[in-house]
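Paired with subunit B in one complex and with subunit C in the other, subunit A is shared by the two complexes that follow.
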Partner chain A sequence: MQRKSSLSFWLTAPLLWLVALPALAQIALESQVQKVEHIEHDDGQVETRLVDADSVVPGDELRYTISFRNEGDEPIDPNSIVITDPLPRATRYIDGTAFGAGARVTYSVDRGQSFADPEALYVESNGTRRQATPEDYTAIRWEFEPGLEPGEASHVSFNVQLR
Partner chain B sequence: MNPNKYLARGAGVVLLSLLGVNAWALGTDAGTTVTNSVTLQYQVNAVPQTELEAEVSFVVDRALAVTVVNQDSDVVPIISGQTYSGNAGIPALNFDVTNISNDDLDLLIGVVDQDGIPVTGFNNQGPDAFNGSNVIVAIDTDGNGVYDDGVDQQLTQVGNHFSLPASEMTRDEPLRLLVVVDVPSGLSAGDQATYTLVAALADGTAVITNDDNGNATPGGTAAPVAGFDPTLVQDVFADAASMNAEDVAYDFLGDAPVLSQGGVSIGQHSATGAFVIARPDLDISKVVEVLWDPINLNRYASAGSNTLSDEEPKAIPGALLMYVIGVSNDASSNYSVSDLEVTDELVAELLEGNDTGESPGDIYLPESVTLTLNGSPVSLDLPATPDLDQVTVVGCDGSTSSESYSGGSPAVDVLLGACAPGETGLVVYFVTLE
Partner chain C sequence: MFAREQAFFSAARTSTGVLGALLLVIVTGVGQAAPAGQTLRHDTALSYRIDGVLFQRAYPGPALTVQELLDVSLTAQGDGLATTRSPAPQLVLPFVLANAGNGQERFRLFVSDASGDFPLDNAELYLESNGQPGLQLGAGGDTLYVPDAGDPELAPGETLSLYVVADVPDGLAGGVETSLTLWALPETVVLQAGVSQPWSDPLPDAGTLYAGQGDPDESGEPTDAIVGAAFGGSSPAASASFDVLVQGPVLELDKTVHAIADPDGGQAVITGSLVDYRIDARIHGEAPLSNFVLSDDLPPYLALVEDSIVLLHAPDHGEGAQFESFTPSAVDFDADTRQLRVQIGAVDPGHSFRLEYRARID
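Up next is the complex of A and B:
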């Protein structure tokens, strides 16, 4: 299932033609979920398949893919694209699965109030402060260094397990 | 049958799971909507643009699974002729049944009589088998592992099987079920009766015949795999295969056993236990010793000592003889016995008790005697100062009592009481040779 959200800045008030025009940039953003199957063959090789998430039960592994495309006329600034994804409730993040080409990936353990590299994340557990584990993550953030030219697309993804 | 997405896709491949059989135990409830919302911020020409947002959702489907685990460490001893109606403490087969689905579900329980086939890992008896009658399944309400009529709640019988409503269970918590039978009379020790308990997922008293993933329960027909609809709660049989070959399946539609091992994703699970007719391994042995005669006097140097006196009293008229009868329930026996009664007849030449004319205090008893019981020598301690005119009984529990001779035939007729495996009791009495 996917849902598209887009925003355009089409200015129609004549008075505003006198001021600097906002960029005619438009990004299409899509989010998709699929189920991940790991299949071991007789020779020991493990194949990973992505299938429709039409039968999803606790214990299943899911992959979320967030795709975005510059459908406008202006390039998107380098070092400006930031994607933030609070992990869905009833899921746990699977370590090492966050992907985003050219992006710095950081994580949150406080539902997105702050983000940091894994080694800098700590949580309180039974009155004791300890280093966070992937199970503690509550949100992921991708900060892209490259910009996005008109017509160019990119995506990020991560895997979770349904609790 | 369509390929099962969760467990295999045809020969030669196995679908790996992140978790084991209990992956969905305590899992997210079926019907829960899981939504992922993502935001994207960006700038154009250093001007921040309005944040974008997208989301995707799906509904958690029903993972249907139940587990059955036999909780008996071995075959369960039972007595031939035993019936359960109106009785307490009846030996039963113990099974733990757990609904590990992510939804509350009713269960159907089938019991398969498999004659006396061996159970994996058990000290099986047989090969002779017996069939119990009036088979029931009960919840072990008082948690003592045996059936207590009027206390443990019997499941409602529906045809040949039983109904276990969801209201009797807590999801992910084992429920102890007891399989109880009436046992025919006249059976031999070691006869075995093997029963498999099968639990199937149901809606009310109707078995769930198929899921939306191409699987069917025994006797059911698989339906086509449901189309892609993330808003619909679909059923997925997620049960593991039963563990051993004797853990067979049950066709709840035809209400009859399926005598092959329960497989994966069939909406049911099974385990097996067995009764065996109890084999109390009793042995009895008897020794006699001349303690005193009027010429040689005492065999022993003093009372309560095994030191001999260097005399050899003979069985001549006027001699006092000691009889010791030992009764043992062997340690390897699998059942306690009760109401043990020992009888012994005296020949006419033997007079009951001390009729020697000698003062009892001048006739010395040894500290112990040795008998062979269950193939091994057993040293039995004797009472220090028994009444030579009474029959002394030392019960298996170690208690000592004095009993009179019966006054009839047999002359010795005493109750030894209960005797657990590994325990020994004894009877001691004295006679005078006429």
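Up next is the complex of A and C:
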């Protein structure tokens, strides 16, 4: 009896893998980075332009855009898509720039070990505990409430300044 | 266009815990300045569920190479103002140079001629090199700057003290002023833009790119060098000026009554009382007084007591000043104008004089 059960598992396991394989390619994701230029016109209006980030130096503002699409045949479960983005080395997050439609955005100050809303983040500085500022953030997380139907796409973005 | 999932997935039941461990691998560090040549990597972690089964993986993102920023900061110490006397040999004007860029860079230094009411003679530039704060000349002292061969090389953020040494000419009046400007340009700018006189040659605009002139990247290929903001505007940060002011003498006067003696042996201010006046004069500033005369006008009801005038001198100021008798060039009392005049002559700053005399109330 026990032997028959084990044999049954080894016979059916490859079939389960074959069924699961299409899901491997379910979401395709692409990252893009552009340089943000703020141009002040004579009338005082400030125009923001996104240009190629061919050449970056300290002080430049960069926008990272992460686009993703459900390229499979099955819908992605609601409340399941989580995108986590460590801030690139030698950059500082620019407050208020994290975007993600339908997503709850949280931040980390411990290199991605934990995430929380800004008001709940604290850091140790010179032996004292203080509220974290955007400069302290080391990673950003987007948790999406909606799912993603086959063929549907979305994106998140955030800006940083190169130190 | 889209990176496709290929190999990395997991059917773990929990997502955030596993993802956190994944992130620890991805994050390489934050909080550091971005040095020229560094590769700026970016990765994204994604997790999602299909029918409750968790999938997650990390996606490598675009990698950028940080180019070299050519920037400099030059500041004149002491708010860029030096008060001096005339003459003043080897007046020292201290500056601080900082590499405000993100690459290892040599800097070419230029000292402009002084512009203003007078020239500064024999100007020389020294680099702090012996580890002792301030300028030291001679053996074991700081290093005389030699353009090109002696251009200082600074790491990003590194600073260096510089000293311009010059002579203030003789015979200048108090209040005259001149200005000396020091320039510091990254050598890359000097060579690429052909700058030899930064005060008159056109400087490159911020953002100007010199292809392949930056520090090497992680594969050894040179980065581009990009001109920073230090060269823009009417007061570029690549230059700093010292205003040199020959300070005129400043006279501080203080007149007091230090004793009263009435005819009845008391201290009442009545007819016949004798009043002892004291005038303290303290000379401040940097320039000498050339013809110092102390004068005091007596009101009509006061008569100067003959032979009561005493002049004292001290070579310094303050409560501890040691006054000694001093013989004036001349003493004169004009009965018509009722003015007492004591001629002292040339006096250096820092000295004090005390004039005492007695008057009778008529």
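What we mean here is this: the second predicted complex is superposed on the first by the 138 of 163 C-alpha atoms of A that agree within 3 Å, B and C clash if a C-alpha of one lies under 4 Å from a C-alpha of the other, contacts with A are read in each partner's own complex, and residues count from 1 in each chain.
One rule holds in what follows: a residue touches a chain if its C-beta (ideal position, glycine included) is under 8 Å from a C-beta of that chain, and two chains touch if they have at least 3 such contacts.
Worth saying up front: this structure is predicted, and the values here are computed from it rather than measured.
Peer 1: Just from the overlay, do subunit B and subunit C fit on subunit A, or is there a clash?
Peer 2: Here the two partners, once superposed via subunit A, clash with each other.
Peer 1: Give one of first, second, both or neither to describe whether A:123 is in contact with subunit B, with subunit C, with both, or with none.
Peer 2: Touch status of A:123: no partner.
Peer 1: Could you tell me if A:69 is touching subunit B, subunit C, both of them or neither one (first, second, both, neither)?
Peer 2: second
Peer 1: A:138 contacts which: subunit B (first), subunit C (second), both, neither?
Peer 2: After superposition on chain A, A:138 lies in contact with subunit C alone.
Peer 1: Go through the superposed model and pick first if A:55 touches only subunit B, second if only subunit C, both, or neither.
Peer 2: It touches subunit B and subunit C both.
Peer 1: What is the contact status of A:105 with respect to subunit B (first) and subunit C (second): first, second, both, or neither?
Peer 2: Neither partner.
Peer 1: Check the residue A:163 against both partner chains and state whether it touches subunit B (first), subunit C (second), both, or neither.
Peer 2: Once the two structures are laid over each other on A, A:163 reaches both partners.
Peer 1: Per the contact definition in the header, classify A:39: touching subunit B only (first), subunit C only (second), both, or neither.
Peer 2: first
Peer 1: Going by the contact rule set out at the top, does A:89 touch subunit B (first), subunit C (second), both, or neither?
Peer 2: both
Peer 1: Common interface residues of subunit A with subunit B and subunit C?
Peer 2: Residues common to the subunit A contacts of subunit C and of subunit B are 23, 25, 27, 29-33, 53, 55-59, 64, 66, 68, 72, 74-77, 80-91, 148, 162-163, listed in rising order.
Peer 1: Subunit C touches which residues of subunit A in the complex?
Peer 2: Touch list, subunit A to subunit C: 20, 23-33, 53, 55-59, 62, 64, 66-69, 71-72, 74-77, 80-92, 111-115, 138-139, 148, 162-163.
Peer 1: Show me the residue ranges of subunit B that touch subunit A in the complex, using the header's touch definition.
Peer 2: Contacts found on subunit B: 5-6, 9, 12-19, 23-24, 27-28, 30, 32, 34-47, 49-50, 52-63, 102, 212-213, 226-230, 234, 236, 238.
Peer 1: For subunit C, which residues are in contact with subunit A within the complex?
Peer 2: 1-6, 9, 15-16, 19-20, 23-24, 26-34, 38, 40-55, 59, 61-62, 64-69, 102, 209, 224, 226, 228
Peer 1: Which bits of subunit A are touching subunit B when the two form their complex?
Peer 2: Its residues touching subunit B are 1-7, 9, 22-23, 25, 27, 29-33, 37-42, 46-47, 51-59, 61, 64, 66, 68, 72, 74-77, 80-91, 148, 161-163.
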